[in-house]
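In what follows, chain A forms one complex with chain B and a second complex with chain C.
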Partner chain A sequence: MDIIPQLLVTGIALGFIYCLIGIEFTIVYQSTHLLNMAHGMIITFGAYLFGGTMINGLGLPYWLGIILTVLACGVMGYAISALIFNPLRAKGMIFSLVACGIFGNILASLYLAIWGSYAFTVPGFLSGVITVGSARIAKSYTYIIITAIFLIVVYELFSRKTRLGKSLRCVAQNPNAAALMGIKVSQNINISVAISSMICGVVGILVIPLFGIKTTMATTVALKGWIACVVGGFGYLPGTIVGGLILGISETFVAMAIPSVFKDVVSFVILIAMLLIRPGGIMRDKVR
Partner chain B sequence: MKKILAMAITLTMVFSITACSTSGATSGTSAAGTTPSAGADTTAAETPAGTPAASQDPIYLGVQCRIDNATILPQEGAIRAAKEINETGGLLGGRMIELVIEDDNMQADEAINVANKFSQPSRKITGVIGPWTSTCTLAVYEIYEKAGIPFIVSGTAATLEELDKVNDASYTFLGRASDRTQADIAANYVIENFDVKKIGILYETTDYGEGGYRALDKIFKEKNYEVSAQAIGYTDVDITTQLIKLRQSGCEIIVAWTVNVVVASRQMFELGMADIPVVNSSQMATASYYTQCEAAWIENWVSVTDYFNEGDAFAQGIEADFGHAAELSQACYYGYVYTMAAAIEAAGSSDPKAVRDALAAITQVETPIGIARCDESHVLNHTSVIVGFKDREPYIVGKFEL
Partner chain C sequence: MKKNIPVLLLVLCAVFIPLGFMKSNYFIQLFQQVLIYIVAIMGLNIVMGQAGLTNLGTIGIIGVGAYGAAMLARALDSSTLLCLLLAVVLGLVLGLMLGFPSLRVKGTYLTITTLGFSQIVYLLLNNWVDFTGGPMGVRGYPYLSLFGFKLESAISYYYFLLVITILCVAFCIRLSKSKFGRSFRALRDNDEALESLGINIATIKVLAFTLAAIFGCLSGALYAFMSRYVSPNAFAMEHYARYTQMIIIGGMGNIYGSIVGAIFVTIVPELMRDLTTQYQLIFNIITFVFIMTYPDGLLALGKEIIRKIAGALGGAKNGNIEA
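And then the complex of A and B:
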């Protein structure tokens, strides 16, 4: 019976990783109606910058490294929006998809040039185990769950209680009306993408103990974050959270019943089933 | 203004794609010190007046691998070897080795493209070092056989020993002992050193992993051990359920035939399985893997490998040239270049067929992964090392000459 807490914590932790990625994906989509397919590389940038430069390179304390990394990711996101999303959003999805894809490849090569080819990690970062009864739970998973809940709450408060947050929601709902109300749409889009990139940075830092730091570290989870969006209800934040948790927990528990090597198939089966049965997602009635 | 900006962005992206192209010809460096440009015909440099052209022509060796892998950089070994050989006068009375490095991304389709490039007569390739993986080897061997170019591969899948064309007329040479041989060593190590009844096998779903699993499973079942096996993907980031199933099976030792050792060791520790001994194939003995692990994760791990860094001249050379510790991948390609060079000298020419015949007769070439001698299956290396860990520092447990 002690495997159930272990499986549950693993599933919830993975689910929160997927939902954080889904959230940043949704933020970009809500504000621009475009898909940020370079988000995997921004996650990777967060990991490389924190692990390779801030901690291993400069020897900064964790808290300072985290703050600087997250801010740097925000700057990167602002630049991506100013150079790619804003100029291309009127031209249609395909242009931004191609541009993001190419940009992602450029970033991957840059990371190799800056930090080298070898994978590495931050020794001792978020490592260790908590014992609850007879169950052993990785500390990294508990940090992921706590941080994800904190980020979601903070983002919800920001978007509902602050002037900037409300203006971002206005732009997401109706850019034309927002412009007529005097809101600077382009700047707000840049800020939305910057916020999304900062979340990517946090994800990159959190998954270092799980994935190590290498250019391919975020490939699979970035895809599953997108699946979480679709499963929960594309463009609806609470739906993304629900979708991520469903994916993470389903994968882990179903993998105990089937050959575990097919665990990744669970996400894709859920995706296909959702597209066939309920294409709007689980919370489609809430999607505006 | 927007049109100009859009045009500038487009041109920048196109330029960046070209600059960041992973064609090995742009990324690789020839040992002669020049960098071949993408698609350029790497013909010999102009010969000085009055000198017979043949004695000045470089000897072209193709090098095929993934050049930007997170844990494997075999081309560095080839570059180092070629540099050393050229600094001591080259081959065949002064001909310099020129490496033509192409990135196959460890993917079969790209490996085929590289093999087709190297097979063009205009490339004048005498021999090829690589591919690294068994999958790529199986994809390209017919191309090199048809072109008549000898090549030394690092693939270790047992299927390579069974290739129809691996006989005296073949151009395929296996640089390392196969998985079957390494699995034999791992299995015998378990049988001789551990008093257990139940064995777990954790293997990855690749030719390499499946080959190792089949060999191990056969050996253990012949010895009446109870075997429980779990498959993982080599890029899986969470193998909790597989490890829980192995734990539930009651296995007393695990043989891990996978490159995914960092995730495996960490999650075994997190699940309270760190006290279960693990015998791994070659990965954990590689610095780029064990340096990602904590000491407590790998205290009970041993690794069956072809190469252990003892700080010899080769290891010092890699450290000096590339700024990091030498590992199995560099040791292999370094050894293959020296083996190919010995064959060229023995053949007395750079004719691929003559070199192939000389390779088949190789008996004593010293390499970091052991003495290269070609057996009837065209396997060149017959040495294995078992490496243990103490406080995350590797040490030799035993050496085996096959």
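And then the complex of A and C:
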């Protein structure tokens, strides 16, 4: 049964992708109380910039391309936050949903205008297979798992140990009290969104071997990242990790049993079931 | 009576303007599209605008309505009017299905659930090739026939749509003035107060979702008979922004605002089409900047401009008298 470890690695890798998306989504939600409907498009931006401009266009080495892309995503996130999210914070939920939705469509049209309307990929990026015993595991999955664990650890250290991370958490918890303590709230929010966008950029680069580069590449994953949050417990990091892994693994294994048409529906069924049985998520007791 | 004059004008425009464009199928189809959007927006206005519940499942509901009508019409062949009615029943079932989870979840969760529904519909339409035909879509079903009279020409179908739309709008206006309309708005503004008055919130929520789904499915079915071909791409999840744009750009929660929004979002990009190839992008940027700077919508802006002009005229008069 060499297929089991293979499926397990695939599931875990997908799970970590959902988890990273869940984290970036939660960062924005906690600091601005906005649902960042445009996050799929920021992920797509990372992929387009890395694949279209850095590697296929300029021919930079991978490491330089990755660093530049992630930095560019951070700058873009900062700009988006200053221009859009900060003004939107005061308005209602439905209003901000609409605005973010239109903004996502604007980004999609811009990508098509800049990088052309054909789907493409980065040849040879994260390709290849590792053979462990009789199991053959795609290299891209191992890269995803390693990068995701590294990012999660770095993010946790950053938000618990550094001064900036602590002030970001203060703003997320209570913006008014944070403002009274002399923390610049809107600037902190800008930094939060920038960090979230940098994670988006990394996700975008990581999923290139899986989905190729096109404007709809991140639509489904972006939604499943939210579902990972809800399944695990909204706003609680270990919950998001558990939720992501449950989604990823169950999706890959269920795809063995049922026609692959319904593969993507599995996570939505899990979502609806969770909402009906345990709306707070699996780890709801830990969620504050 | 004076209040009804703009409405009467709008109806007269809707009746007579298309006669001027009889020769061009393109324009007639554009007007048909506007009416179909208005039907869907009426439902969305009830659930999002008035009841304040986020429902991003509309695009999925419209997709189900369109595919349901098209596939039923292909199977049943002769009785297309029955297909239209069955699509409405489909909407009833879907609305109940979406409405009950909405009792358990609020805010963020409701957004994700309804958006997830849209995505499931799109994925099934696109991937379940044996049943829905996949990316190729469904085609080759008969025209809508009304008691033996086939609505083959674009203009006859337009007037059929116009009648349906006017009925829908009249229903919505009547509804928003009834106790249900007041309950919807109370649910948006303060749901606890509504409950304390002895009104069952659960019923009101499910009712809002069900009405939205019925209008959505009806709109989808009408779309199917208009375009004579349905494919999954028309119902991709990204299109949800177009519908929410319509209810917000005219003025949130206002029926006339929604109608203005539907007309604006459909017609203006088409007028810009000749100017540039990136018309959709430019239109989106314009509407985005507009709703960021002026969230009350076009209708309120129009009223304000009229008031300012009237004020300026009045002010000038007064100034003359004083001088």
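Here is the rule we use: the second predicted complex is superposed on the first by the 288 of 288 C-alpha atoms of A that agree within 3 Å, B and C clash if a C-alpha of one lies under 4 Å from a C-alpha of the other, contacts with A are read in each partner's own complex, and residues count from 1 in each chain.
Going forward, a contact is a pair of C-beta atoms (placed from the backbone, for glycine too) under 8 Å apart; a residue touches a chain by one contact, two chains touch by 3 or more.
Source: prediction; values computed, not measured.
After alignment on the shared chain A, the placement of chain B and chain C results in a clash.
Applying the stated contact rule after C-alpha superposition, one finds that A:29 touches chain C and leaves chain B untouched. Of the two partner chains placed around the shared chain by superposition, neither chain B nor chain C is touched by A:60. In the overlay built on the shared chain, the residue A:268 is in contact with chain C alone; chain B does not reach it. By the document's definition of touching, of the two partners only chain C reaches A:93; chain B does not.
In the superposed pair of complexes, A:3 makes contact with chain B only, with no contact to chain C. Within the superposed three-chain model, A:185 lies out of touch with both chain B and chain C [touch as defined at top]. By the touch criterion stated above, A:102 is placed in contact with chain B and with chain C alike. Shared-chain residue A:118: touches chain B; no touch with chain C.
Residue contacts after overlaying the shared chain place A:230 against chain C, while chain B stays out of touching range. The superposed model built on chain A shows that, among 7-15, 43-51, 61-69 or 313-321, the segment of chain B colliding with chain C is 7-15. Residues 84, 87-88, 99, 102-103, 105-106, 109, 216, 219-220, 261, 264 of chain A touch chain B in one complex and chain C in the other. Interface residues of chain A facing chain C in the complex, by the touch rule stated above, are 29, 35, 84, 87-88, 91, 93-95, 97-99, 101-106, 108-110, 113, 216, 219-220, 223, 226-227, 230, 234, 261, 264-265, 268, 271-272, 275-276, 279. Interface residues of chain B, counted against chain A in their complex, comprise 2, 5-6, 9, 13, 16-17, 20, 68-71, 73, 205, 230-233, 235-242, 244-245, 248, 262-263, 266-267, 269-272, 288, 291-292, 294, 324. Every residue of chain C that touches chain A in the complex is listed here, in rising order: 48, 52, 54, 56, 101, 104-105, 107-109, 111-113, 115-117, 119-120, 123-124, 127-129, 236-238, 240-241, 244-245, 248, 252, 278, 280-281, 284-285, 287-288, 291-292, 295. Residue ranges on chain A touching chain B, taken from their complex, read 3, 6-7, 10, 14, 83-84, 87-88, 99, 102-103, 105-106, 109, 112, 116-121, 123-124, 127, 129, 136-138, 207, 209-212, 214-216, 219-221, 252, 255-256, 259-261, 263-264.
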